[in-house]
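To start, I am sharing the structure in question, which I have written as structure tokens.
For clarity, chains are labelled A, B, C and D in written order, and residue numbers in each chain start from 1.
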Amino acid sequence: MFHHQIEPRFSDTDGLGHIGNTAYPTWFEHARMPIFRIFHPSLELASWPLIVARVAIDYRAQCHWGLPVDIQTGIGRIGNSSFQAIQTAQQNGVEVARSEAVLIHFDYASEQSLPIPDHIRQQLEPHIVEAGSN
Amino acid sequence: MFHHQIEPRFSDTDGLGHIGNTAYPTWFEHARMPIFRIFHPSLELASWPLIVARVAIDYRAQCHWGLPVDIQTGIGRIGNSSFQAIQTAQQNGVEVARSEAVLIHFDYASEQSLPIPDHIRQQLEPHIVEAGSN
Amino acid sequence: MFHHQIEPRFSDTDGLGHIGNTAYPTWFEHARMPIFRIFHPSLELASWPLIVARVAIDYRAQCHWGLPVDIQTGIGRIGNSSFQAIQTAQQNGVEVARSEAVLIHFDYASEQSLPIPDHIRQQLEPHIVEAGSN
Amino acid sequence: MFHHQIEPRFSDTDGLGHIGNTAYPTWFEHARMPIFRIFHPSLELASWPLIVARVAIDYRAQCHWGLPVDIQTGIGRIGNSSFQAIQTAQQNGVEVARSEAVLIHFDYASEQSLPIPDHIRQQLEPHIVEAGSN
């Protein structure tokens, strides 16, 4: 699994005094960076090859500003043109959220999905974790 | 169903030239305002009675800045202390996303879920739509 | 002056129970839409002709979620290739913030500023307000 | 001066393919953490002692996703109850933005400014930089 540590920003808090539920998707997305580098080493936005099809987040515990958050990222099912990113977020040893995202290998010019090439599939496979039931 | 029109902000766009996937949760949350008013007419944050347990969003089509987005909000399953908010977003007549959120009636002081009182249940029930399969 | 009403989103609040200072720039930007339409009626991002050079915001009073915010937008100094947008935000009759932004007519391909054409200047001039001292 | 390295998030980009102007205030705020710790070592939001009075940001160069951003933070003028935070952001050796913020020592219960105590003033003074002309 890939590991990334996030520093919550003050702007990630909401009026309830904790991290807002809408901040987590920005964290999980940021922690998918190693996957982005596999698909698109240059990270050039003008030729970006992925689109998000689904994001499901389970909130398990309140998360607070002032302490780092550790995100683990693994790969779930890999289909013809799509794959799952399965992620957990922990703060201070407590799991605060889980995320399952589905991303599609995508050509923005033609707005068509693309098969995942074998050389990319081979780089994803070592990171497969047991797929969630999301 | 409840209806709310959202104006995408420039800051909702991302580097791919469309609305970023992380902006939609802020829209769907805002469109749940009529549900918030049922649970908590004062909208006072200091005594806020709800917490988000899960949000799942399916992205169906790219959405763009410069045109309004229409959000329809209905109620799905109502449990003892939790309920589903089922929402769709349309832009220019095209469904761009669907959301299923689970919210819990919650006491922040004791960090315990609370039963949904009958008078609230009665106000939610007229808005029940066929539950999604999310 | 141009007028635009903003609905604060729940995600605009911060952990202090009010609207976060970092939300206002997204509101003021959104309320500059009539200026964007003067420079670029299509609103096409691929040929966007403006870049932000400076934003200064004075926070005058706390602003809260649950009530709309009225933004007035005028034009300040117009230079050869830049101009000021001068804006105020009111909630419930109270001025909560003022903003002065400097935007530059800009060609992203060459990364050069461009003179403001006369036909655009003529559309800006009726909206000139007394320039701030920001 | 205090130094902090920011990792731009994908959600910090905007539809122009660069970092959006509205993302920088969230970065500069986050980089003021060492100042927050001086005023309020516990970082507890319920007893937070600062409020933002003004933020002015000059955008000097476009900033892009995929590379870290280095923020330097110094102290400008210190008044009776307010002080300036003066900050620069660099990416890849290029200054992309400067920020001058004014923060007030503040009691949220009474909504009154408070004098800056001597023991805090003494901790701020070693970080004074030549004040900007913002």
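Simple rule for what comes next: a contact is a pair of C-beta atoms (placed from the backbone, for glycine too) under 8 Å apart; a residue touches a chain by one contact, two chains touch by 3 or more.
Worth saying up front: this structure is predicted, and the values here are computed from it rather than measured.
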Touching chain A and also chain B, the following chains: C, D
Farthest-lying chain, centroid of Cα atoms versus that of chain C: A
Geometric centre distance via CA averages, chain D-chain A, whole Å: 29
Cα-centroid distance, chain B relative to chain D, in whole angstrom: 33
Chain C-chain D separation of Cα centroids, rounded to whole Å: 22
Touching two or more other chains - residue numbers and ranges from chain D: 10-11, 13, 15-17, 22, 25-26, 29, 45, 65
Contacting residues of chain B [partner chain D, same complex]: 10-11, 13-18, 20, 22, 65
Chain B - residues contacting chain C, complex: 7, 9-11, 13, 17, 25-27, 29-30, 43, 45-46, 65-66
Chain D residues touching chain C - in the complex, by the definition given at the top: 15-16, 21-22, 25-26, 29, 45, 48, 51-59, 62, 108, 111, 134
